[in-house]
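Everything on this sheet refers to the single structure shown next.
Chain naming follows the written order as A, B, C and D, and within any one chain the residues start at number 1.
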């Protein structure tokens, strides 16, 4: 058997990973259709991709990439240094619609040395640069295919776009002209099943072979006991937090935020909303990361203490606020539990269920909210706490300072230390309620091998996958 | 041998006794008329013969049709008989035909269902019968739909369906009640002709004694589900014995004596009144057409005068009534009551309306079923500036109810607790309660049984004496108009074609239409009074 | 009274009683989470079992009845209070531009796919019971307008209306005094039916997340929550499902029964 | 007849015009910006502005309305914000799921309702009538999404006779296509069939009381013959009204059912585009649905005329 069907929760709006934030795009095209200079592996490590190797100048500002030889785009044209320059320049241009423009902000210039060598000069050293280049937003595209890239993507990857039935499925076919090793699967189908029930039913009825990030944790035990399936539960990059509007009274009072932190029983949320799947976190950092510090003790569940803190803050009878909940079940279910727990200490949080578009408009852009629950799924995103205009509006110059230092630090040990310091600051400031790290459950038919257990980035690395005999 | 012999037929519906030991015999070529008041069981007797009684009916006794016992026949045998051996014509031509099938199909169906002949022959036969009932296929093709025919024409189609297979027995249940006198006369001629021609036996149901006397060979009078008297027509007319029969005949030629009225003060002046109804638009952009319902009508009604208005259905009588009441504007002419216009600006002149009231035809439809009698009769008080209240109001109600022959205690009842005649009395009470100078009676007695009608006419005559009434009495029933009015107008297609002293007009009509109308109206043959025998 | 009416009224009043009772008493606090006790099947402590948060299903069903009834009743209220006057006005001014306007307006509302518009309305103004009421209510207006107009038109042909006009009463007064009481039966029957449709619509909207918001329980949302769990905890879907079915069934039976009972034609024949 | 059609057609156009205004207005005031939805949380202001220009969102409301309407009149429904493909193409694709589903459900519900209604009417008051009527009472009371859930549980997950959802596509053949639409069609059709059967029965019973039915019996037609030859066609008039209403309901109201069975149909398209603020798609699809409803009602009106000759001569 050399074909496979995936269930995907979200359909990509289009297939250009360099001009939209949708993770669904990366889930289909990343390292399958498009490749970058570097890439993520399933364990989160960064390895060379289109760049065979690279050299970093002593001051850390000049990266010289050596490209693989003989790489062609799906349309047959050769991939060379010009294409790399084009892709990076396009992403950082004035009118670029790249969703992660910040990744490229530090680039000063991109120069073609020869067809297989390209030199990237940074404005200042950036310890994250190779990591940044591995993102789906930094893949290399062909200039002549830009026009139709959204519906007819042309990349260098091991798969080409076969068919896209909008609202239903996308089919990828093996690219016989791939520069690397030929993958095992000849064909992969991504079926879009947003509804958790439908995903469960489709899996049970064996309409699909794999469902990564399976949306209904409550159904996992059924798959676990069914010999037809295997279940792996890995970790994702999603820190699920009770975001708090730090500028809005009473949340501008740290005592109030601390009270909230102590009012919340993380384990109850993980058990009730996620049916036990998820790891408690005490700060905004992925527990599987080497630099993680367990700070959950700072905000242990203690409703009495919460009440005391509220009284200290001048709210002995609690207060009223809003709790905006976007569609995913971690938010909707988690929100119901959070609201009930807050009610125990006297805080009345009115639940407002919103769609993503509304959430973006009201909460994210309008900053018109009290509390909200959301999972921040970008890898290594603690940096958002250094942005005072970011929707939770945490403005701490010391922290911002720390982040600047971190960005210009390349020494791994030093970086770890800075990161741990950062984790502690936001945890002690009770910026947000830190709930849990989203699990990454994958349900597959028995016999499917090579699936990523974790999700260091949104991707479905098809070339690693095969069927056992 | 007789064609139909009903012996001791009793029938009950859901345990309620409807017919009691009915006996009736019809010989071939004979017309037997069944008459009696509404609800006396005439229709049920006919339906029993057809075995088309309502659900829940049980019949005992015997109905012999051509020697076969109908009550014992299985349904499929009954189906063979219906249409083929027994034909039936119903009262309401407007609804007796299926609106979505052509008349040709419906006539042919009778033939085809009994497989009497192949389709092409059946079609030919359908043309033949339709021609026979006066609908020649050249002018009325088989492809017409019922709604494309007038009421009288539809009734002809129903008759054609009933006689298509020349049944041995024809049953007609009030076949002309819904039709004009002139049309009625034509239909009766047709039926009589057919019966003679085909030698059919006929069971004819009607409450109109004049029709009975004119058509039937034999008469049966029913009351409360029983046949109270039956005899050959001539014998019955001259020697009726049962008091109910006598009462019925007396009531149907009931005459009243109106008190004298001599005033020459004009009360209502109608001059050159025209009333148009817009016709539905024929095209999107064309101006809608007009239907002229009242066409330059002029007359004057004097104080204390009783004026009649007769004419066929649809000639504009009710439209004129509504115009006089000021309920609708007129397109030309003017209507003055007591010198005041009834309609000013674009609404009714309520000051004038106060001087008029009206009594409608339908005793069942003219009252709000949810109000009590006191509220119903006092509704016109709304017109008064200072309506009586409290005991004065109660007294007025009591006075009026007493005046129309009811009891003041009735004021707390609902309208469904009253019979049709009583309801019409309440309607008159309602009209009288504000002591109007003019009352309009629009077909006020047409829906009533003869006996009840006689009582209401007496009541009117009495009221004329007590209250010195002035009224306009509208009716299509000439005999009623003749006795209850001083002067009469004849209306045809929106125009007044003749008017004059009532007796004068009836005994010596001038206009050919009046003549035709009077000729078509069925009349009871003049009988010698019983006691003079 | 027919069997239908008795059965329907019985079922409906059971639901209404449960809803009313829930104001003063429920076996447990419907909003109290007890996660360790989650997903219990019906038992002696929890007659209808517990949900995925360990809440008592019986209490939730009781309070859910309140939500369903309130939403449906208010939506019918909107439909009636706007639709009936519109229908009366259209009938009183039959054939006029007003009539035409009202009837075209009705057609227009009917032309919109109701659920899509309900979703749009809630998308614009936010999800919640109030907006669900408005969304359902809007589609009730033409129903009542149409049925009122139809019945009123035939009443306007009756002679007792003519009598009232002769008594000098204006259209508004006649509509209020004579027409409305005589269409009341019809409206009661239709109201019952719309009420049951409202219950279904509320369930549908809540099911897609646009009805009453948590923690207020609602049968439709209970079903939505239960969806992924039917395969191992079927009571979560069966119980709210049956609650909806029985309520709608009860109301429909009552509507049918009322129609028969209030229909004078049938009543006269029966007595 | 022609005039009748013309007049109906004119009021149809006016309705459509008003409907388009209402739709546009409602959708325009919906909060949520398609551009920021597309670019997500980390979007930079200049990126957003660039995208808004690209999508034409910086034009005034009036301009956008006019260009939307004129485009639609030319058959150009615009380009989806999120998918970047022509909306007409998307609608056409989805139509091939929704329309067959609606027709399938309609066929099923008629096939169930007609015999059931006729049977019940002809056995009025009997056990058969009572059984059918009780079943339809229950059918009317069952929410279709709940019914769909149960169908999936029983027939897809447990028995595995049908797929749990999804659409095989017509290229796999008619049978495969219909097979994958069967459960959704049943879920949609049964409650509708219950309603239709009740209407059929009561329409027939009304007709049975008409004078012309007695006339037919007097001609010698048996009860059953009278019912078939005279009753049915007359009863069709109210039944047609309901079928017309149902068709539009099926076309539009299948939103939830398409969701349960994850069918790529119009209903789901609306839902998706509302949540992604793909305004142009929402507007066009809703407009299309309104158009469909109005057209179906127009066709039903014309069908009346075919059934009822009295209407043909009316203007």
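Definition applied: a contact is a pair of C-beta atoms (placed from the backbone, for glycine too) under 8 Å apart; a residue touches a chain by one contact, two chains touch by 3 or more.
Every value quoted in this text rests on a predicted model; they were computed, and no experiment measured them.
K.L.:
Looking only at C-beta pairs in contact, point me to the busier pair out of B-C and C-D.
P.N.:
The greater number of contacts lies at C-D.
K.L.:
What whole-Å value do you get for the distance between chain B and chain C if each is reduced to the mean of its CA atoms?
P.N.:
That pair's centroid distance is 46 Å.
K.L.:
Can you give the whole-Å distance between the Cα centres of chain A and chain B?
P.N.:
87
K.L.:
Using mean CA coordinates as chain centres, what's the chain C-chain D distance in Å?
P.N.:
22
K.L.:
Counting in whole Å, what is the centre-to-centre distance of chain A and chain D, each centre being its mean C-alpha position?
P.N.:
About 40 Å, centre to centre.
K.L.:
Can you tell me which residues of chain B touch two or more of the remaining chains?
P.N.:
Within chain B, no residue contacts more than one other chain.
K.L.:
Quick check: what residues of chain D touch more than one other chain, meaning two or more?
P.N.:
Only 31-32, 149, 157, 259, 274 qualify.
K.L.:
Among all residues of chain A, which ones touch two or more of the remaining chains?
P.N.:
Answer for chain A, listing residues that touch two or more other chains: 195, 197, 204, 327, 355, 358.
K.L.:
Just spell out which pairs of chains touch, all of them.
P.N.:
Applying the touch criterion to every chain pair yields A-C, A-D, B-C, B-D, C-D.
K.L.:
Can you tell me which positions in chain B touch chain D when the two form their complex?
P.N.:
Its residues touching chain D are 50, 52, 75-76, 79-84, 86-88, 90, 92, 95-101, 109-110, 113-114, 145, 147-148, 158, 161-162, 280-284.
K.L.:
Which residues of chain A touch chain D once you look at their complex with the stated criterion?
P.N.:
My answer: residues 11, 13-14, 20-22, 94-102, 150-151, 165-168, 191-195, 197-198, 201-202, 204-205, 207, 327, 355-358, 360-362, 364-365, 378.
K.L.:
In the complex, go through chain C and note every residue touching chain B.
P.N.:
158-160, 162-169, 178, 181-182, 264, 268
K.L.:
Please output the residues of chain D touching chain B within their complex, sorted ascending.
P.N.:
3, 6-7, 10, 210-212, 214-223, 225, 229-230, 233-234, 307-310, 313-315
K.L.:
Per the contact definition, I'd like the list of chain A residues that touch chain C in the complex.
P.N.:
Residues of chain A touching chain C: 195-197, 200, 204, 216, 218-219, 221-222, 268, 271-272, 327, 333, 335-337, 339-341, 343, 351-355, 358.
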